[in-house]
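What follows is a pair of complexes built around subunit A, which joins subunit B in one and subunit C in the other.
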Partner chain A sequence: MVLLLGFFFLPVVLTSVFAFTNMSTATGISGGSYVVTGNLLRSLKDEGLDAKTIDALGQSSYVIDQAGLEKAHAAGVDARFITEIAERLKDRSFTSSTAFERELKTLPSRPTRVRDLKIAAGAFEQSVLNVRYASRGEMEAALTHMLENPPEGAIEKVATASYTGWTWTTENFKNLVITPDTWRIIGNTVFYVVLTLAFNVLVGLFLAITTFYLPPAGSGFFSVLWLLPRITPVVLYAVMWKWFTWEDGFVFNIAQDLGLPAFNYMKGSVASAWTVVILVNGFVGASFGMILFSGALKAIPVQQLWASEVDGASRWQQIRYIILPHMRWPILFVTSYQTLSLLSSYEQIWLTTNGGPGSTTTVWALEAFKTALNNYTGNLQYGLGAAMALILVAVGLILSIVYLRLFRFDEMMSKPKIEF
Partner chain B sequence: MQISINNFTKTFDGTPVIDDMNLTIRDGEMLALLGPSGCGKSTTLFTISGIHRMDKGQLMFGDRDVSGLPSQKRNVGVVFQNYALYPHMNVFENIAFPLTVRKDNKADIDREVRFIAALTHISELLERRPGQLSGGQQQRVALARALVRKPDVLLLDEPLANLDAKLRLEMRSEIRRIQLETGITAVLVTHDQVEAMSMCDRIAIMKKGEIVQIDTPADMYSNPRTSFVAGFLGNPPISLLNGIAMGNTFSIAPIKLRVPLGSHEGIADGTPLKLGVRPEHFGPEGDIAVEGKITFAETQGRENLYDVELADGSVLRSIQPAARNWKLGEPVRWFIDSKSAFVFSDDGLRL
Partner chain C sequence: MTVLPRFKSAILATALLASTATFAMAKDVTISVWAGGTGPTNDYRIEAIKMAADVVSRQAKIRGEDLTIKIESQTWTGWDDFKQAVTLAAESGKAPNIIVSGHEDIGPWSQSGLLRPIEDYVDFDAWPLNQLYPNLIDVSSYDGRIWGIPQDAEARPFFFSKAHLKAIGYSDADIEALPAKVESGEYTLYSMLDDAKKMQDAKVVEPGKGFMPRPNNGTDYWQFYQSFGGEMADAESGKLVLDRQALTGMYQFFVDAVEKGVVPATYLGTTWDTWHQAVAGDKAGIWHGGTWHKAEWEAKWGLKDFFGQMQYSLIPAGNEKGRANTITHPLVYLLSTGGSDEDATLAAELITTASEPYINALHAVKSGHLAIGSAEASIPFYANDRWTTAATEGLLPKANAIPNNSDFGVVWKAMYKGLETSWTRTNSVADAVKAVETEVRNALGDKIVIR
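Right, the complex of A and B next:
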C-alpha cells in the first residue's frame, strides 16, 4: 500500500520539487562548483553590475609573492632567475603581462627563450577567470583578493551567479508569467482542448445515437469502423495522417485534381494545421465517447422510448428530452476525462505537426515536454519544464473540482445500495 | 372513438404472431384482451399504439385509416406494465410531456395537468420524482400522462401486474372509474381473468394469435364457445371429463356415469366428448350422482375448495360454503348439475 501510494504520488511530488529549481542539463541534478566565466561576466554586465568590477574580474594581474615564487619553482624555472625575481621585484604588482615581462627582461639571469620567460611570468598570474572553486567561501576569498573597493554586495552577487549547480528558485514561474510566449501557448491550449473536446463529445454522441437507430447489422459494422483510430497504435495512426495530408498525399492529390490549393496540409498553413491536429485527436476521443455513449443508450429502458413516441415526441424531441438526460453521467465522464487527457496530451501533435508551423499549434504539454526533455539547443531545462507540468496538474485539479460541482456529482452518487 | 382492426397480420422474424385478425372496439367501451402469455395480446395493443407496425391489414380510428401512421401521429395513450415514467422529470413534467412536445402554451399545459392530476388523485405529488413514489402512485402518474392529451384510445398493458394484491384491487376500480368518467375508449391487456371480468365491458379471449371469443364477461362465463374459453374464465377453473356419446348421453362407461345431453340430439354413439363442470355445479346437491374421494381440500374462509377423484382417476373440482367440512380422503357421493354442464366435442368446440 505504501509502495502503491509512493509510486502514485512520487511523480507529482518530484514534479513539484523540480518546479522550484533551475535544474537543466548545464547545472546537472547533483551539486556544482563556483566559476566566473566570460559568459557570466557578460550577463552580469547586462544585469547592471558596474563596469569597473567587471573589468577587474576580467583582468589578470601579476603579483610577486611567496606563492608565485613557489609556483615558479615548481614550473621548473631556473633557480637563479627565481632568486633574482624575489630580490628585486618582491611585493610589486603589474596590471598587464607586457609590463611584467618587460620588467623580467631587465633581470640578468633571464632565460633566453621567450617561451621560458612566459612560463616564469605565468607563475605569478593571478585571476579568477575560469578558475573552479569548490566552495563559496573560496570564491568569495578570491574575489575579495581581486577587487579593490568593490561596490556594496557585488562580491555576493558574483559569487551567487558563478555557481554552476542547481539552486532553489521561483524564477521559473516568474519567467513564465513575463514571457509573452506563455500566453500564446495558453491560448493555443485552450483553443485545442475546447475544440477537440467538442468534437469528441458531439461526434461521439452523434455516432452513438446514429448507430442506436440503425439496424443491428449496420450498427455493428459502424462501431468497429469508428473504433479504428482507438485501436491503431499512436505512431502508426500519426504516420497515416502524414501520408494523408502531406505533399503528394491523398488530400494533396485530390485537391490538385479539383483545382483547389494543394500544399502540405499538415504544416502548410495555420488553419489546416489546426484542422489536422483537432481531427487527429478528435477521432481518437470520438470513438472512445461513442463506446461509452452506446453502452449508456442500450441501458435506457425501451419502454421509455416507446412511451415518448406514443406521447407524440418526434425523433429530435426523443433525443433531447429522453435520451440526453439519460446520458448526463456518461457525457460528464467523457467531458471531464477527455479534458484532462487532452490537457496533458501532446504525442499526436508531436508526431504530426510538431507544434508547427512556427509554434502555432504548440500546446502547453508539448512545450513543457520540449523544454524539459526534447530541446533543440541541447540545454534541457528540467526545472522550467517541471514548473510547466506542475501548472498543468494544478489546472487539471481545479477543472476536476469545477466539473464535479457543475454536474452535481454528489447528487448522482446515490447512497450505497448495500448496507453494512 | 370506435377502433377497428381488419385482417391484421403480424410476423416477427418470420414467425407469424397474429394471423388475419378482426376486432372492433366500440366507442367508449373498455375491452379486455385476455389470454395466456405469447398469445399476441400485447402485440395487438402495441400495433394499435403504432409501436409495432402491421405487416398486413388495416387499422381504423373512427373513419380515419391510421395503418401507416407512426405512433406520434395517432393520438393514443399507453400505460406500460412498468409505467415507463421518465425518471429525470418530476411528476408534473411527466404528465405534461405529451403537451410539451406538442408545444402547447404554458398556461394550457398547467391547467390540463392539474385537471388530470385531480382526476387521478395525485395533485399533491406533482413536485416529486418517480423514484420517490410508491407503485400505486406511479401507476396513477402513468395513467394521467396517458390521458392528458385526450387520446382517441387508452391502451393499458398489464397495468396491474406490478402491484401488490391490495393495490391491485384498488387500482382496478380506480382505472374503471376514470375510464367511465372520461368516457374514453380503452383496451386492457391482461392474463388475469379476474381483472378482465371486473374491469371491462367486453372480453376478447385470444389464443395463438387468434381471437377465440369476444363477449361480455357474464355471457362469456355462462356461454363459452370452446373448452379453452371455459377453462380460462372462472377461479377455481372448470373441470373437464373425457367420455363418449352413448344413447343421447355423455357416458363414462367404467364408472357408469351418464349425463343426458338434452338438446344436443343426434350425436352418433361412440363420439368422443368432453364434459365441462364448473366447481359451483358439483356438490352435495344436483341431479347426476357421482362417487369419489376427496383428494384435496383448501380453506378460503368463506368457502372451501375440494378436488374429488372419481374411480377412473378423473378429477372434479368443487367449491362449497364453509359450513360443513369434508376431510381429506373422505368418500363422498356428490351430484353434477347436468343443466349447467357444458358439452364440448373432442377438439374443444362447444356443442
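Right, the complex of A and C next:
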C-alpha cells in the first residue's frame, strides 16, 4: 500500500500541486526567502510606493557603533582587529562597502583573507538592501527597524513583494488557453496519436495473423524479429534509426543510388520527420499488439477453423468471420492502452527528431517535459510544465472512461453465464 | 598486566595521538566544478581551476599550512542537460562549489538563492580582478551586485567563403572592404541573401547551403533581432523589451531566405556536425558562428588556412532601423550556496587565481575566446595570436550582451519558438509574432515593455 501510494499516487498528487503554482528555476522548489533588491524597489516605485520609503530602503550605510562591534565579535572577527576598528573608526559612517573596506585595509591587523575582511565589514552594515531573510517575520522586523513612520500597509506590501519563492496561482491554465501555440501542439498530438495508434493496431494484427498461419518454427522466428524494437534499449533503438535515416545513412544512400531525393530523412522535411516519428513508435507498439493478438488467436477453438475449411472458406473468410470477431476485446484493449501510452510518451521523439524540424513534431508530452525540465535557456517552468502534465492526466482519465463505456468492458468482465 | 606492556601501550598511544595531530594539521578539501558548453578545445575552464589549486596549495605550504585541494570536475558539451543538472542538484542540496555557466543564468539563479554573490568573497580592487574589463564585470552583475567572475568573452561574427565570393565576382579588394561595408550598413542581410543566391546559381555551393545559420537555439538569434532595430532591455529602466517590428523583420528575413532557396525551411535542428563539416570544408557560402569556432574547425574539421579561406564581419544590419552588431556571451565562474562558507572562500580564491592573465590566456588562445582583462590582452602569447587580437580589436568593442534578468528565459523561449514556427512555415510571420507577444504578455505582465 505504501509502495502504491509512493510510486503511483504521489507523482500525480505532486503534479497537481505544482500545476497550481508559478514554480520555476527563479522561484526554486523548496521555498524562498525575503530580499529587498534594487529591481524590487524600482517595481514598487512603479506600483506607487511612496518615494520616502523607497529612498530609505535603497540606502546602504556602514556605521561603526557598539552594536556593530558586538556583531563583529559574534561573527568571529579577530579581537585585535575589532579593537583597532573601535579605536580608529568609532562613530564614523561610510556610504559604500568599497569605501569602508578600503579604510579597513589600512588597519595594521587587517585579515589576510578577503572573506574575513568582508565578514568584518558586513557586521557594521545598516541596510536591508540585498540581505536575505529566511522568514517574513525577520523581514518585517528589519523593515520596521529601517523605516521611521512608514505609511500604512507599506511594510506588509514590501514584505510580500520581497518574497522570492513560488506562490499559488491558476494562471498556468489561463496562459495555456490563451497561447495560440497550445492549439498547434494539441493538433500535433492528435495527429501523432491517431496515426501511430492505427499503425500499432493494424500492423500488430497483420503480424499476429500472418505468423498464426506460418509453421511454428517460422512464426517463432518472425515473432522474435518483430519484438526487437521493444526489447532494444530505447537509446540504442533511437541511434539505430538515426543511422538508418541520417545523412549518409542507409536510406540516404539507397535513395541516392536510385536517383531519388537524398537528405536527412529524420529532420530534413516535415513529412519525412513525421513518418520517422510514427514508424519509430509504431514498430514498438506493433510488437506489443502482436504479442497480445497472437495469444488471443491461440485461444480461438481450432475446431471452428477446421469446420470452416471443410465448408470451403478462404483464408480471408476465416479472418473476416472467425478470427476478427474473436479478437474484438484484444483489439479494444490494445487501442485503449496504446492511446493512453502514446499520449504520455515523448522519449522516442525526444531522442530522434527532438520535436523538429523547427517544432513541427513536438507533441504535448514533449513540450511539457521541455517546459518543466529540459530547455536550452535553463528556464525550467515547473508550474507550467506540471499544469501541462495534469491536463494530460485529465485527458487520459476522460479517455479511459470513454473507452470503458464505449467498449462496455463491464460486459466483458461480467460473470460467466455457464456455471461449472 | 606488567609494567613493560603498559609502557609500550603508553608509547603506542602517544604515537597514535601524535599521528592524529599531524593528520589534523593537514587539510584536505574537495572543490567541485561543473561546466556547461565545454568540449575538448575549451578544457581550460576546468584546467585553470586545477592550476589555481596547485598555486593556492603551494602558497599555503609556504605559509606553513598543509593544504591539499582536490578538484572534482564534470563537464557537459551542451546546455540543456547541464542547466537541468545544476538546477536540480541545487534543489536537492548537492550543487557543486563552482559553476561555469552563461551570465544570463545569474538572474534566475540568484533569485532562487542558488548563488553566493562573489563580491562578498573576492577583492575587485586587487590583482588580478582589478584589470578585468569593466563591461565584463557589468555582464557578471545583477541587481546591483557582482555575482560572478567572467571566464571568457567572445564575439559572434558572420563568415564568408572567400573562394565563393570570388566565384561571384568579388575581387580581393572587395573582400577586404566587406567588413567595413557591413559595419556602415551599406551591406545588409538582404545583400547577403543576394550573394548567397548568386553562389548557388553559380553552382559553387549546393542549393540550400548558400546561407548556413546556427543550426539550433542560441544567443546568436538575438543578433538578427538587433539587426532589425530590436532592443532586449530598456537601457534606463532595465525592463525587458519586446519590439514587435524588429521581431517581424527578423522572422521575415528567415522566411525570405527560405523563399530564395538559400536555406531550407526545415533547417533548424540540423546537427552541429553537418554544419561544421560544411562550413569548415568550404561547402557553405555564408554563415555565422562564434570566434571560438575557428579553434574547433582547426582541431577537428581539418581547417588549414582560416584567414585564406574565410572573411569575417559583424552581423549585417537588416534594415535602416537596425545596426550591424555582434553579441558577446561571456561564461562566468559562479559560487553556489552549496558547501560551507569555508569551502566557498577557498573556491573564490581558486576562481581569482584562475583569472590570472597568464592562466586565462591559455583558455583564450586554445579555444579562440577573447581576453577578460587588459593585462591579458597584452601578454605576448595572446597578443601575438592573430585571430584573438583581430577579434579583440575589431569585434569585441562593438559587442553587447543579452540582459541579466530572471525573466529573460521566458522571452527567449518564446522568441525561438516563434522563429521555428515561422521558419518552417507552420505559422505566418504575423501569427508567430502575435504568439510571442501573447505568451510573454501573459507570463510577464508589466515586467516587459511591448513596443
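Keep this in mind: the second predicted complex is superposed on the first by the 272 of 420 C-alpha atoms of A that agree within 3 Å, B and C clash if a C-alpha of one lies under 4 Å from a C-alpha of the other, contacts with A are read in each partner's own complex, and residues count from 1 in each chain.
Note that contacts are C-beta pairs under 8 Å (C-beta built on N, C-alpha and C of every residue); 3 or more make two chains touch, one makes a residue touch a chain.
Computed from a predicted model, the values in this text were never measured in an experiment.
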item: First, second, both or neither for A:Gly396, with subunit B first and subunit C second; value: neither
item: First (subunit B), second (subunit C), both or neither touched by A:Pro111; value: neither
item: Touching partner for A:Thr164 - first (subunit B), second (subunit C), both, neither; value: second
item: Chain touching more of subunit A, residue-wise (subunit B, subunit C); value: C
item: First (subunit B), second (subunit C), both or neither touched by A:Ser269; value: second
item: Partner chain in contact with A:Tyr321 - subunit B first, subunit C second, else both or neither; value: first
item: Subunit B/subunit C common contact set on subunit A; value: none
item: Subunit C residues within the subunit A interface of the complex; value: 79-81, 83-84, 86-87, 91, 101, 104-105, 107-109, 111-114, 117, 120-123, 125-126, 143-145, 216-218, 237-238, 264-270, 274, 341, 345, 348-349, 406-410, 412-413, 416-417, 420-421, 423-424, 426-427, 431, 434-435, 438-439, 442-443, 446-447
item: Complex interface listing, subunit B residues touching subunit A; value: 46, 49-51, 70-78, 80-82, 84, 86, 88-89, 97-98, 100-102, 145, 149
item: Footprint of subunit C on subunit A - complex, ascending; value: 24-30, 32-33, 37-39, 42-43, 46, 98, 101-102, 113-115, 117-118, 122, 129-130, 132, 164, 171, 174-175, 178-181, 184, 247, 264, 267-270, 273, 353-354, 356-360, 373-381
item: Subunit A to subunit B touching residues, read off their complex; value: 301, 303-304, 306-314, 317, 321-322, 325-326, 328
